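Presented below are the structures under discussion, each in the form of structure tokens.
In the two assemblies presented below, subunit A is common to both, partnered first by subunit B and then by subunit C.
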Partner chain A sequence: MEGFMYPNEVELQWGILIVLYPFLTGLVAGAFILASLERVFRVEEVKPTYRLSLLTALAFLIVAPLPLQLHLGHPERSLEMYLTPHRSSAMAMFGFVYLWYLMAVLVVEIWLDYRRDIVRLAESSRGVKGLLYRALTLGSYNISPAALRIDDRVGWIITLIGIPSAFLLHGYVGFIFGSVKANPWWSTPLMPVVFLFSAMVSGIALVLLMYMVTSAMRRVAVDMRCLDTIAKYLFYTFVIDFALEMLDLIHRIYESDESFRSLDFMVHTRLFYSQILIQIFLGTLAPLALLSLTQMITFPAAARRRIYAIASVLTLVGIFAMRWNVVIGGQLFSKSFLGYTTYKVGFVTREGLLPAVALMILPFAILYVLIKILPPWQEESPFVAEAHGDD
Partner chain B sequence: MILNRRQILLLLPAAAVAWDSVLADNPEGSPNYKMSEHWWGMLIDITKCIGCGSCVRACEMENDVPEGYFRTWVERYHVSDWHIENPEVDSPNGGMDGFPPGKAEGGKNFFVPKMCNHCVDSPCSQVCPVGATFHTPDGVVLVDYDYCLGCRYCIQACPYGCRFFHPKKHTADKCTLCYHRITKGLTTACCEACPTGARQLADLKNPNDPIHAFLKTHSVQVLKPHLATGSKLFYNSLDGSVR
Partner chain C sequence: MGEFKDIAHLIRLAGVFLLGLIFFLVFRSVTIPKSFGRYGPFRGAALVELSSRPLSFAGHAACENCHPDVAALKANGVHKSLNCESCHGPLAKHADDPGNVKPVLPDVAQLCIRCHSENIAKPAGFPQVNAKEHSGGQACNTCHQPHSPGFDAGGKK
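Showing the complex of A and B:
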């Protein structure tokens, strides 16, 4: 502790798990928005990642509430948020946005898109596997061209609803922080917008990386046209995201309100590594420079793949650092603006590093299972040729 | 008034009814207390506070406040000359054990007792996802410990640092304005323990409460007025350096 903190402020309330939560929901929203590019805006180039994006979004969405649950003092009471929500609370409403997004958008869209495959697999599989697929059909075995056309149409409408829902999901997470007037580090109307664009950036980077990694694991060639298009979108959204964050920064510096000196000191001391070095230089300027190079110079495919991979990893590190700097940074200074505290993350504690790492690995394990049950690879699906024929 | 045995026996059932009602969180049910007739706040006179820490100790004992956490605390300010934006502040152990000798050189020294502001538009109750933090009809902000999830959003939302996470209850916790006392006609533990009368419980709905005369004749301020929380903690002679 340094300077003066209100005595109850010394202890940090939101730790690494709460850093993880906006990071995970951001990946969900970003991956979904990428998927919707193909479906709604007919960007055919990104088609190879369409199903992978949806499954990635689902895997991360399933895990997203777990860090919150682990953090609560009384997790057994968490259902009260649904049963007796307090309408003026941003956090209470988030529960409904989450459920809406999970049940009304993502699950339905995935089911509609996979229905034909599920029915075929239900008919061709036996034993437990067959039972699983028969359950997944929900009793609907009609895959006539007319039925599939309806699926396609409904799926399109759901994606259309899904885009604002994805915006809502992550914009809302930004609002949870941005609406806290007691905390000048959080309280800005730009927060939901910054969260949204950083979410898109992180989700796109994740899907780009997952596509390359899964292709390498399956020993199939990467569709460079797809990769180049995703990288282009990553670059554009990143430019907007960076511009917004810089706008926030410049505004704060120029306005220099009562909190400025305190926050400025914090950024130059306690947040120097995580904000200036990791978030801005390593996690933003470096990937932006790499991506802009690929936009200006035509590199060979192998070099482009490497550049995209490095840029994606750096981007994910940068966005995680951004979440860290928002959540942890917002609690390191006193609301009296006269002092600073420190955050020491535990290891094998309920809110320590180990559960955080486990929660970061868990979505990948879920994604692995989802991919096994619902293979997203178009070229491997025995039904794809027919599907295209039907279209 | 001296009561004889017969009168005490007659009063006992009434006292039992009152006590049961208070225990059942239903002060409205206790005789002689109508929530709609009160609107509680507090007057803190900075010119009278001597930084003895009696209020902090009384609060800790009365409310079983866990060690290292504070429902009320006292800050000591030192402002040298015109450096109003850079006060030196300390509050060792919340001021519970008093203060070590301060700076004798120029400038001014004074003490500022702090506690929940029982705001009318409280940011803490606004953000609570389940409404576990709520306003009583008599103007007190309370936490329902059987309902609080322990998400700590309210602690983040309080601009005054009045809330903490109770290490045993695993819920948010803060000053209750000694609700169990004031609904029985008593004052708060901190006010009762204050040797100089620097803290005065105020019933803003009671026209006979001395607070009204005091407000008319003194320069009174609330903490962080720009946040418009509707604080009901009124400070007399609050220096501009106080955060």
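Showing the complex of A and C:
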């Protein structure tokens, strides 16, 4: 700590778990928007990742509120946010946005898309698994072409509703920070937009990586057309995201309001590594350069795969750093602009590094279970030929 | 009829959601206290419960009844806006039974620095000291008269 801090600013209230929360939510929104590309905008190339994107979104969405629960002193009271919500509370309203997105969009879309598989699996499985699939059919085994056509139509409408819902979900996370008018590091109307685009970037990068990793684990060849298309979308959204962040930066520098000296000092000292080096150079400029290279020069497939993998990992690191710099950075300086504090991450504490790492692994474990229950691989599904036959 | 058969599963799904909604509404009506929201976003009955709890503070009028000399001294000093029980603690029991319940005098070494320890965030005109350097461990009321601190408060400043 240096200079003058008000007593309530010395210790950070929001730690690494609150960094994780927008990061996880962002991955959900991004993965879903990638899935919707295929469904609504008919980008056929990304079809191999459609179901994987949906399951990834679901796995991460289930985990997204857990860091918040760990942060609360009385997590059991969080339910009251649904029972007696206060309209002036941004967080209470977010609970409903979250629930809407989870139940009305994601679960329904996955159910409709998998219904044919669920019915077939319910008919062919025994024991607990059979019971699970039979429960998932809701007692309806009708997979006639007419019923599936209706499913397809309804699924399309759900995705259409899902896109603004995904925008709302992550825009809202940005709003929660952007609406804190007492904090000049957060308070900007650009925050929801920046969060939204960075969410799309991180979600697309995650699905790209997951597709490559799962293909390698299953020892099947990746569809390069699919990979190239996803990389192209990653590049485009990343350019928009970077442009927005630079717009915010230039705006702040030009405005140079009363907080500027303090924030500028922070970026040059305490946030230098995490913001300038990791977020901007390593996590933004490097993957952008790599991705733009693949757009300009035609590399062999193996090289492209490697470049995409490196660019995706760097992107995820960069977006995590961005969340870190927003959440932690916003609490390192005093509202008096006269002092700065430091953040020390605990390890085996309720809000320490260990639970954060565990919460980062958990969605992958959930995704593994989801993939076991609802295999997303089209080529392995015995029902694919028929599904395509209906179109 | 055939068309209805093809959307039967969607109706079942809607049914599941409806059941969920009914469960939510029932759960809500069972768990939310009846008086919630009567005056605002809190349990209205809480006000009655709180007001029925025994009083801890007697209020400065009760103090001034029996201690008019202190009240007069305090009325002209810089501490005039402070309530007696801000420093002496809650004394309703003492006010009810002054003969048997004797209040313990506050520990000045702890009490005064609560407000008067040096801090750059305090207004420059507010009296504030670094207690160790200022008194070298002596109790504040060795020199200061707590009920009316200042230079003109008879003997002690």
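As a working rule, the second predicted complex is superposed on the first by the 391 of 391 C-alpha atoms of A that agree within 3 Å, B and C clash if a C-alpha of one lies under 4 Å from a C-alpha of the other, contacts with A are read in each partner's own complex, and residues count from 1 in each chain.
Simple rule for what comes next: contacts are C-beta pairs under 8 Å (C-beta built on N, C-alpha and C of every residue); 3 or more make two chains touch, one makes a residue touch a chain.
None of the values given here were measured: they were computed from a predicted structure.
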Combined model on subunit A: subunit C and subunit B, fit or clash: clash
Partner chain in contact with A:Thr342 - subunit B first, subunit C second, else both or neither: neither
Which of subunit B and subunit C A:Thr269 touches, first, second, both or neither: neither
Partner chain(s) touched by A:Gln69 [first = subunit B, second = subunit C, both, neither]: neither
Which superposed partner A:Lys181 touches (first subunit B, second subunit C, both, neither): first
Contacts of A:Phe4 with subunit B and subunit C, given as first, second, both or neither: both
Subunit B versus subunit C as contact partner of A:Met103, first or second or both or neither: second
Contact breadth on subunit A, by residue count: subunit C or subunit B: B
Contacts of A:Gly139 with subunit B and subunit C, given as first, second, both or neither: second
Partner chain(s) touched by A:Ile150 [first = subunit B, second = subunit C, both, neither]: second
First (subunit B), second (subunit C), both or neither touched by A:His86: both
Doubly contacted residues of subunit A, that is, touched by subunit B and again by subunit C: 4, 6-7, 84, 86, 336
Residues of subunit A defined as touching subunit C within the complex: 4, 6-7, 82-84, 86, 103, 108, 111, 115, 137-140, 142, 144, 146-147, 150, 154, 336
In the complex with subunit A, residue positions of subunit B that touch it: 69-70, 73, 75, 87-91, 93-94, 114, 123, 126-131, 147-153, 155-165, 169-171, 227, 243
Sites on subunit C touched by subunit A in the complex: 2-3, 5-10, 12-13, 16-17, 20, 24, 27-28, 31-32, 36-37, 41, 120-121
Sites on subunit A touched by subunit B in the complex: 4-9, 11, 13-14, 68, 71-75, 77-78, 80-81, 84-86, 88-92, 95, 176, 179-183, 330-331, 334-338
